[in-house]
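Multiple structures are listed underneath, in structure tokens.
Paired with chain B in one complex and with chain C in the other, chain A is shared by the two complexes that follow.
Let's look at the complex of A and B:
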């Protein structure tokens, strides 16, 4: 079952397209990475999932229903942290927590206390005195104590230094290991995301260029490096080509259906692609219009 | 169980784990019927997604490296030599050819390749010789790192 689904969703702001044709399916229990450059439509897509923006065309489903029709108790199963979110600066953490707790029946104070202690946050501090990293940690504390079934994080790690980012992402993995939760996070810091996500969707200019299980993608997509010219037709018989490049002293192709047993007779060196390289391949693909 | 994951190498995490656990089993760092962590325990330890680790265990089970007993956990399978010598040779022939071809392509001296293979065999023999004690697995597993 999919926790979140988008089917050809479209959203313009005036004449400016933000999301032009977005399809996405977040499987239950997955940690899903919504990836793309700034301005590719990630935040607009998330706002449509949250029911904060209405798609002008297409459909969005969360827990199988239109997010606008979610009942309060269903909505309480979603936790959402955005990049620019916060509490009023004068508000004490204790007040912020009491306010937040009042909305959620499933609130687990034990989870909150454990997080506060781990992060070294004191309840009599006011929100404004926290550093950027601490603010994010406090928001995560609130989100986790809410015991969500779906956690949506819009650029959760941006602007944080590397150790705080790592800790933040490790916390997500702990959560995924302690209870069944689906996580959707958007990011443009791919090396971070690579550690935690199992599914990814690459967005470009308001549309999804490719969605897949990351491990499947890494198994299937490889770069073959030939030291001399390779007969392209022979190659095409065995593989489907995503990208090809003539380089000095050789020829390189990225194939999407790599299988070792079909490598017989091909004299080349096989390179693995990490998430960043995969992203660049699909980013370049969509430029020439060869989407999917 | 000591496993080192390189997240940015582009090699699927599950493939890295399968390779390393197989190595630990073959080198004797993990012995037949040794209990290994549950999917969730290992995923928490390595800070990985449990679905990734579940995938690794499924693969290892299909390769008969581990077995799961309902209620009591997951264990390293005792090494089997049910395959005939011919069958073992047949299964390995492809990989060996690939190795030799790759070495030839790089212009490597075949005698040097032989030495490399011997070194690798010695390394595994060396760790098999040691008696495995609980808690020592971590150090022994590190043999893997120089590869």
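Let's look at the complex of A and C:
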């Protein structure tokens, strides 16, 4: 079952295309990474999921219904954190928490207290006196205490230093493991994403170019390094090639349908790709649109 | 408490109003202070006291236009987003909350203006000023439009209520200069009474035009809200 679905969603701002053809399916219980360059349409897609933006074409479904028609009790099951979010600087954490809490019947104060203690935050502090990392930790505290079924994070770790970022992501992992929470995460920091996600979607120019289980993707997409002696036609018949590059003494190809048994007779060695390399491969693709 | 009761319309509306108050109480109080101070800002010796009555009314409009803008466009300040769509709110209720807020603000505005006017010119003296100066009905609307235009600017300075009050005062000074220079009323020469009092029908006509303009604007706002063209975050 998918907790979020987008089917050929389109959104323009005036004449400027933000999302041109977005298809997405976030499986329940997954930690889903939404990846793409700046301006690829990640935030616009997320805002359409939240019902803050309305798709001009296509459909968006959250919990199986149009997010614009979500009732408050359904909306209470979604938590959202973005990098530019916060409270007014003059507001005390206690005031911010009280405001937030009033909207959630299933609010768990125990979770909030435990998180505050863990992060060393005091309720009589003003939001403006917190560091950037502490602000993010407080927002995460609010999000977790509302007991969400879906946690949407738009660039949650940008601007944070390594240790804070790691702690933040560890909290996410802990959440995903201990509760049946689906997490949708968009980020530029691919090394972080790779540690936590199990599904990924690559966006380019407002469309999803590829979506898959990360492990399956890594199994299927490999870089093959050949010498110049290797017959290129044989290679082309054997694999579907995503990227090809000349290197000294040979060439490298990235294939998307790798299988060890099809390597017989080929003189090459196989390299595994990490998420960053996968991202670069898909980002270099010229054709945009097909979701696989 | 059952889920239906907890998320009932009334409870959610109360949360909306509480949310508006908690988030904007500083600006609201600041706006009211400016309005209060405006009663003491000018003392036109030798000129009609109509300006003493009108001025707070205009500043009220400025404050309300400003608050309305930042409440209906929370992303303007960049730090209120969590309360806009991270919370279990629905569009219709947000709309109703805004209308409730506007109605409350209008009542407050009228009360402050009338109380201030009575303080300045006495309860008997307040009526003629509005009769002689029907344009005061239009000025707040003009003022609100200007404020909404100015506040669209990218610089944080132009989004501050202090800047808007300053611009409003400048506009008022221009208006008074035009009044004193080119209009033949409310001066020493006519004992501060305009030569021509407008007919009741004319005054009523002006009031009705203003009223229908307001109703039209509200209707347009509601239809665009229902058509989901408004209330988006970008």
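A few remarks follow.
Going forward, the second predicted complex is superposed on the first by the 285 of 292 C-alpha atoms of A that agree within 3 Å, B and C clash if a C-alpha of one lies under 4 Å from a C-alpha of the other, contacts with A are read in each partner's own complex, and residues count from 1 in each chain.
Operating definition for what follows: contacts are C-beta pairs under 8 Å (C-beta built on N, C-alpha and C of every residue); 3 or more make two chains touch, one makes a residue touch a chain.
It should be emphasised that the depicted structure is a prediction, and the values quoted were computed from it without experimental measurement.
Aligning the two structures on chain A places chain B and chain C side by side, free of any clash. Look at A:195: by the touch rule set out above, it reaches chain B but stays clear of chain C.
Put simply, the three-chain overlay gives an angle of 160° at chain A, taking C-alpha centres for chain B and chain C and rounding to the nearest 10.
Applying the stated contact rule after C-alpha superposition, one finds that A:174 touches chain B and leaves chain C untouched.
By the touch criterion defined above, A:271 lies against chain B but remains apart from chain C after alignment on the C-alpha atoms of chain A. In the superposed model, A:218 lies in contact with chain B only, and not with chain C. Of the two partner chains placed around the shared chain by superposition, neither chain B nor chain C is touched by A:205.
When both complexes are overlaid on chain A, the residue A:30 reaches chain B alone and has no touch with chain C. Judged by the touch definition given at the top, the superposed model places A:79 against chain C, while chain B stays out of reach.
Think of it this way: put the two complexes on top of each other by chain A, and the tightest Cα contact between chain B and chain C is 25 Å. Residues 1, 3, 6-7, 12, 15, 18-19, 22-23, 26, 77-91, 93, 228, 232-234 of chain C are the ones touching chain A in the complex.
Those residues of chain A whose C-beta lies close enough to touch chain B in the complex are 29-31, 169-170, 173-174, 176-178, 191, 194-198, 215, 218-219, 227, 263, 267, 269, 271-277. For chain A in complex with chain C, the touching residues are 13, 47, 50-54, 68, 70-76, 79-82, 84-90, 95, 99-100, 102-105, 139, 142-143. By the touch rule above, chain B contacts chain A in their complex via residues 7-15, 40, 43-44, 47-52, 55, 98, 101-102, 105.
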